[in-house]
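Just so it is clear, A, B, C and D label the chains in written order, and each chain counts residues from 1 on its own.
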Amino acid sequence: MKGWMSKFKAIFALVVLALVLSGCTGKPFLSALQPKGEGAEMIYDLMILSIIIMLVVFVVVMVIYTFVIVKYRQKKDDPDFMPKQTEGNHALETLWTVIPIILLLILAVPTVQYTFALADTSPELNEEGEEQDSLWVNITGAQYWWHFEYQDMEVSTSQELYIPVDRRVYLSMGSQDVIHSFWVPSIDGKMDVNPTGNTNEMTLLAKEEGVYWGKCAELCGPSHSIMDFKVIAVSPGEFEQWIKDMQGVTGEETPESATAQEGQQLFQDNCMTCHAIGSSPNKIGPNLTNFGDRIKLGGYLDYNKENLVEWIQTKGLGEDGNMKPGNQMTSAPYELSDEEAAKIAEYLMTLSPSGITPENAKDGVYKDSDLKSLFPKEEEETEGQGESQEDNKDEESSQGSDESSDGSNEGSSEENNDE
Amino acid sequence: MSATARKAGFGAALWDYLTTVDHKKIGILYLVAGIFFFILGGLEAMLIRIQLISPNNEFISAQFYNEVLTMHGTTMIFLAAMPLIFALMNAVVPLQIGARDVAFPFVNSLGFWLFFFGGVMLNVSWFVTGAPDAGWTAYAPLSIFSEGHGVDFYAIGLQISGFGTLMGGINFIVTVVNMRAPGMTYMRMPLFTWTAFIASVLILFAFPALTVGLFMLTFDRLFGANFFDPAMGGNAIIWEHLFWIFGHPEVYILILPAFGVFSEVIPTFAKKRLFGYSSMVFATVLIAFLGFMVWAHHMFTVGLGPIANSIFAVATMAIAVPTGIKIFNWLFTLWGGSIRLTSPMVFALGFIPTFTIGGMTGVMLASAAADFQYHDSYFVVAHFHYVIVGGVVLGLFAGIIYWWPKMFGTMLNEKLNHWFFWLFFIGFHLTFFIQHFLGLMGMPRRYWKFLPDQGLDLFNLISTIGAFFMAVGTIVFLYNVIITQVKGVKVSGDPWDARTLEWAIPSPPPFYNFKQEPLVRGLDPLWIEKTEGNGKIQPATPLGDIHMPNNSFVPFMMSLGLFIAGFGVMFQGTYWVLAVIGFGITAGSMLYRSFKDDLGYHVHKEDLEDEKGDGSNG
Amino acid sequence: MADNTNSNEKQLYYRKKHKEEMKHHILTFAMMIAFTLIAFGLVIAEVSALFTIPIILVLAAVQVLFQLYYFMHMNQEGHEMPALMIYSGIFAALLTVLALATIVWW
Amino acid sequence: MADDMLKSDNLPQNPERASLEGRNKFMGFWFFLGGETVLFASLFGTYLALRNSPAEGPTASEIFGLELVFIMTIVLLTSSLTSVYAMYHMKNGDFKKMQLWLGITVALGFTFLGFEIYEFYHYVHGYHFGYTTSAFSSAFYTLVGFHGGHVAFGLAWIISLMIRNAKRGINLYNAPKFYIASLYWHFIDVVWVFIFTVVYLMGKVG
């Protein structure tokens, strides 16, 4: 089977190339048609196999179809032509029963294989055949954000999941409210995130460093379509560094600038019932430990202070605000004045405990214009203008984390590999 | 003066339709209601497509989008496709088997009014606290936490219309089992009757699961039960199972009668008998049987585990085999025929490649591992519109156009029908073909908006443009209907030179259908008489009195009662009064019905002899 | 409907036949009571669950067949279609129960 | 012919299936029962899925008492037999006896229903086991309650048939109605057989 499979694959690669040229395969950080992970690659193979089978079927049907329509139209000169009233034909009927069965078997066998393979969450074995320690992350879905907790590591974060590249990460998923579904199309297929009682497990293995876009794929309320998250695949060394940096955070660190300090006070008075900084089990709202490193705000908005202030002040629940419709973030923040919100925003944007930021991961996959959409922050900086750029600088220097300023320079991941 | 006369005429006609138990008139009721809801659902689809015309669009709000999306799916499936299928079944099945009417004319009318009031109930939600917003699948616990009364309207509205459907289903099974004319053996039944029969069987066994699911949803939301609430030990997955145990057979309930339509249209216009009749029947039964064992293919990503996923994957794929048998049988019916490209035929020919694509993407979805990528993405949206619009809707329109002369005695304009077809067909492929790619490129379904710079802009735009083509096509059809009925040119009983029994009587048929029970001498009885006999169906019985059921207003009242009661149950508090009143009306109507003998009346032999025409067509 | 001359004889014949049937019915009833007793007995005697559950399920199934075939006359002619539909219903029912009882929690 | 339908002498062997209307009712009702099978299966399935989810409330083995259930079972089984008796007399054209046995059936039905209400009352007040207590309680009351609702509906049905036809005896018009009502009653019994087995006995066994 492998032999002819590869031949077909070659042909198909050409077809795919043609599609790429015509823009039919989407963006590399989002598209299932440009697999960058173990699961996505397996599934891609299966897709191609099935498409080939379907094309065979379709061609057969279309050939007969075109032939009969062209050939057997009523003749103008002989409208009374009486066709033979055929009852059927056993040989033919057997033929089109048996051939589809064979085609389906060809599809069914790898389907079953892959279904089992993708469901396998047993620990990996090393060369001696011993079980290795697995990296487990607990994922909690909530309306409308994602909580990530690294098991036995005392590290929690939300919205942006850091994983080491080329290592299988084990995910254990549950929801604290309705059903969500965890989907990073370019790395792997999706898995539902069920409420209590039905915990799901899956593995995630990214083959290239990079930032990958994740989507919630199960209708979960008004903000379903903007419940985006990212998976940031970094080198194993960077990953370890990141974990270390994250473990160091207590939430009590004082930021440098005075406004940020005021912001911190306000944050602690108003926001801590729902949000946490530093390792914590999931709360009502997202964990903000490394909020300063986020690529997107609220999962999907451009990361800048204006948006953040608006976010803090927008009502979600009960109102039709289009920024975060149906969002549960409610109560206290709405008594905040513009100034106070701005201070909190200022503080939050300083939260950057680690030099390992999404920027480090960028040169895995995206070298083209995709960068722009992913990193508006950086775009502004390279163009050397805008307030938010200053905010960024501020935040980075005030945090005093040595690597973070590197993070804003293109292609500097190399330098950050200091284990 | 003439105005008052017309008014009285209108009032009488209205009363006639409110009380009718005649299958032909009930068919027309279903048709009108179905087309109304189809336009409503279509307008909702247009809202969806306009919202998705460009990235970050804020044409409608997120909450409203979810309501529109839910109502689009629910309306199209339950209030447009189902009743249109019932419209054709009512108009055609009794005629095709040479029956006087359906087995339970009273229940038939009850079925319609239940469906109708259920549909109205669902749509009342727009004006009261907002429409349901949890998707047509109403997955718990989202549907339980959903605020307002939207989901209550969904649960109670569908419950009421579901009862109607169930009754309709039983009615048609009994009709086919008990009321076939002499000589009409099972294996001589036209395929449309066969598929209507099998679809009814599916209704019988699929709808109870929905009934129970909806009851539990209602109890959870309104009476504090805990079926789906994880905090109280409930389990949301139960809803998914119950919904799909119903939901998957439901899609075959929709498609099988469409298959039936094509199996009538293709032989008629290819001037050939259906190729492989018995394997067509066999395939229909097999699809129905397998259809009950595959529901979990909608739940591959739920986490049922690889064993369950594999079993359901393979079972699902198996359905491609009987369906393939059908496709090839149609192709070989065309083979060697003499094809006339009338508008129903064009719809049938448009259906074949379209449905094949939809079926093929279905098989791709059935590949469980690969479905981890496809699931809940626009790939699925593309799949089911290919099978539903490309299969069911094309089938319904083919059937409506084909049987229009039989139902109304007039002929739709062929040229306009062709325009309708091409606009709709091209628009359809523009809208949905491209959605396969959108899905694979990472666009999940049920998304109120998509973001810029994700490579999704162009295809969404094209898709929206396609939808406008479909809308224009539909408008052409509506225009056609109106001018045809205004002109009102009458046609003969057999305008298409067709093959089956229904074409042997005048169009529209007299209210008692066949004057004498027809004698069926084989498959395609009219064709047999045309080629081997004198072109007329022979009677099986001498002319005698005809027993007819009485009209009744009771079905309307029973349904109205449930409709009113629904509001009481929903709003509770002082509104419980409504529940008491409503259930009172329903129970009272039922008692009235059972205490008053309804023996029907007779059309006398002498009157029949006076009638013009001999009940068969020359 | 029935021919008048023969009707009395027929009536008598049918009565006899009905009596015969009634005897079966009473026998059936006795068996059903017995099965019920056994089922309750097993549970009250606290015989191991592994043994009890299959047995009481089988007893229930047999009771149901008794009801269907004797009390509801499915053994008489003219019941082919009802039997077909009941068995189809039982098939769908078994699938439903099986699924809900096994693949809902994991 | 219409008037023939109301004559009550000279009934054929199977009066319930002698007319087309009767045959239709007979068939249609059987098919309906096929659908009811799936309806109850869905309820049973749900119950099986939730029977071990008592949340904070009591569990099955804590509350179920077998004595009452046993009596209820016997009552309902007996009512099945008495309704067979009623049909026996219908086929023999003996209207009075049919009414008598139907009356007994109804009485047994009410007894059953009374016990059931008592049982529910007892659970709610004795064990604080209400409808909203837990997923298990909801599933239990819904399944058993649906059955109870069927019993209640069956009683109303049979009683109205008895009253309506009290003065006119059996004929081709009402024989099918009586017959399908008795089919319905048997079906209720069929469901109960599974309820006492799956809910109560299996609940006790654990």
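Details
By our rule, contacts are C-beta pairs under 8 Å (C-beta built on N, C-alpha and C of every residue); 3 or more make two chains touch, one makes a residue touch a chain.
These are the chains along with the protein names UniProt gives them: A = Cytochrome c oxidase subunit 2; B = Cytochrome c oxidase subunit 1; C = Cytochrome c oxidase subunit IVB; D = Cytochrome (Ubi)quinol oxidase subunit III.
Just so you know, these numbers come straight off a predicted model, no measurement behind them.
Of all chains, the one whose Cα centroid sits at the greatest distance from that of chain D is A. For the pairs A-B and B-D, the count of C-beta pairs in contact is higher at A-B. In whole angstrom, the spacing between the mean C-alpha positions of chain A and chain B is 39.
With each centre defined as the average position of its C-alpha atoms, the distance from chain B to chain D rounds to 33 Å. Centres computed as Cα averages put chain A at a distance of 56 Å from chain C. Note: centroid distance chain B to chain C, computed from Cα atoms, is 37 Å.
Multi-chain contact residues of chain B, defined as those touching 2 or more other chains: 173, 177, 204-205, 209, 235, 237-238, 241-242, 245, 303, 305. Counting partners per residue, chain D has 27, 31, 34-36, 38, 42, 45-46, 49 as the residues that reach two or more other chains.
Residue positions of chain A with contacts to 2 or more other chains are 197-198. Chains that are in contact with each other form these pairs: A-B, A-C, B-C, B-D, C-D.
Remark: chain D residues 4, 10, 12-14, 17-18, 27, 30-31, 33-38, 40-42, 44-46, 48-49, 66, 70, 73-74, 77-78, 80-81, 84-85, 88, 91-93, 183, 186-187, 189-190, 193-194, 196-198, 201-202, 204-206 touch chain C in the complex. Note for the complex: chain C touches chain D at residues 1-2, 4, 7, 10-11, 14-15, 18, 21-22, 25-26, 29, 32-33, 36, 39-40, 43-44, 49, 52-53, 56-57, 59-60, 63-64, 67-68, 71-72, 78-79, 81-82, 85-86, 88-90, 92-94, 96-97, 99-101, 104-105. The touching residues of chain D, counted against chain B in their complex, run 1-2, 5-6, 20, 23-24, 27-28, 31-32, 34-36, 38-39, 42-43, 45-46, 49-50, 53-55, 131-132, 134-139, 142, 160-161, 164, 173. Touching chain C in their complex are the following residues of chain A: 197-198. Those residues of chain B that touch chain D in the complex are listed here as 103-104, 166, 170-171, 173-174, 177-179, 204-209, 211-213, 215-216, 219-220, 223-227, 229, 232-235, 238, 241-242, 245, 545, 547, 591, 594-595, 597, 599-602.
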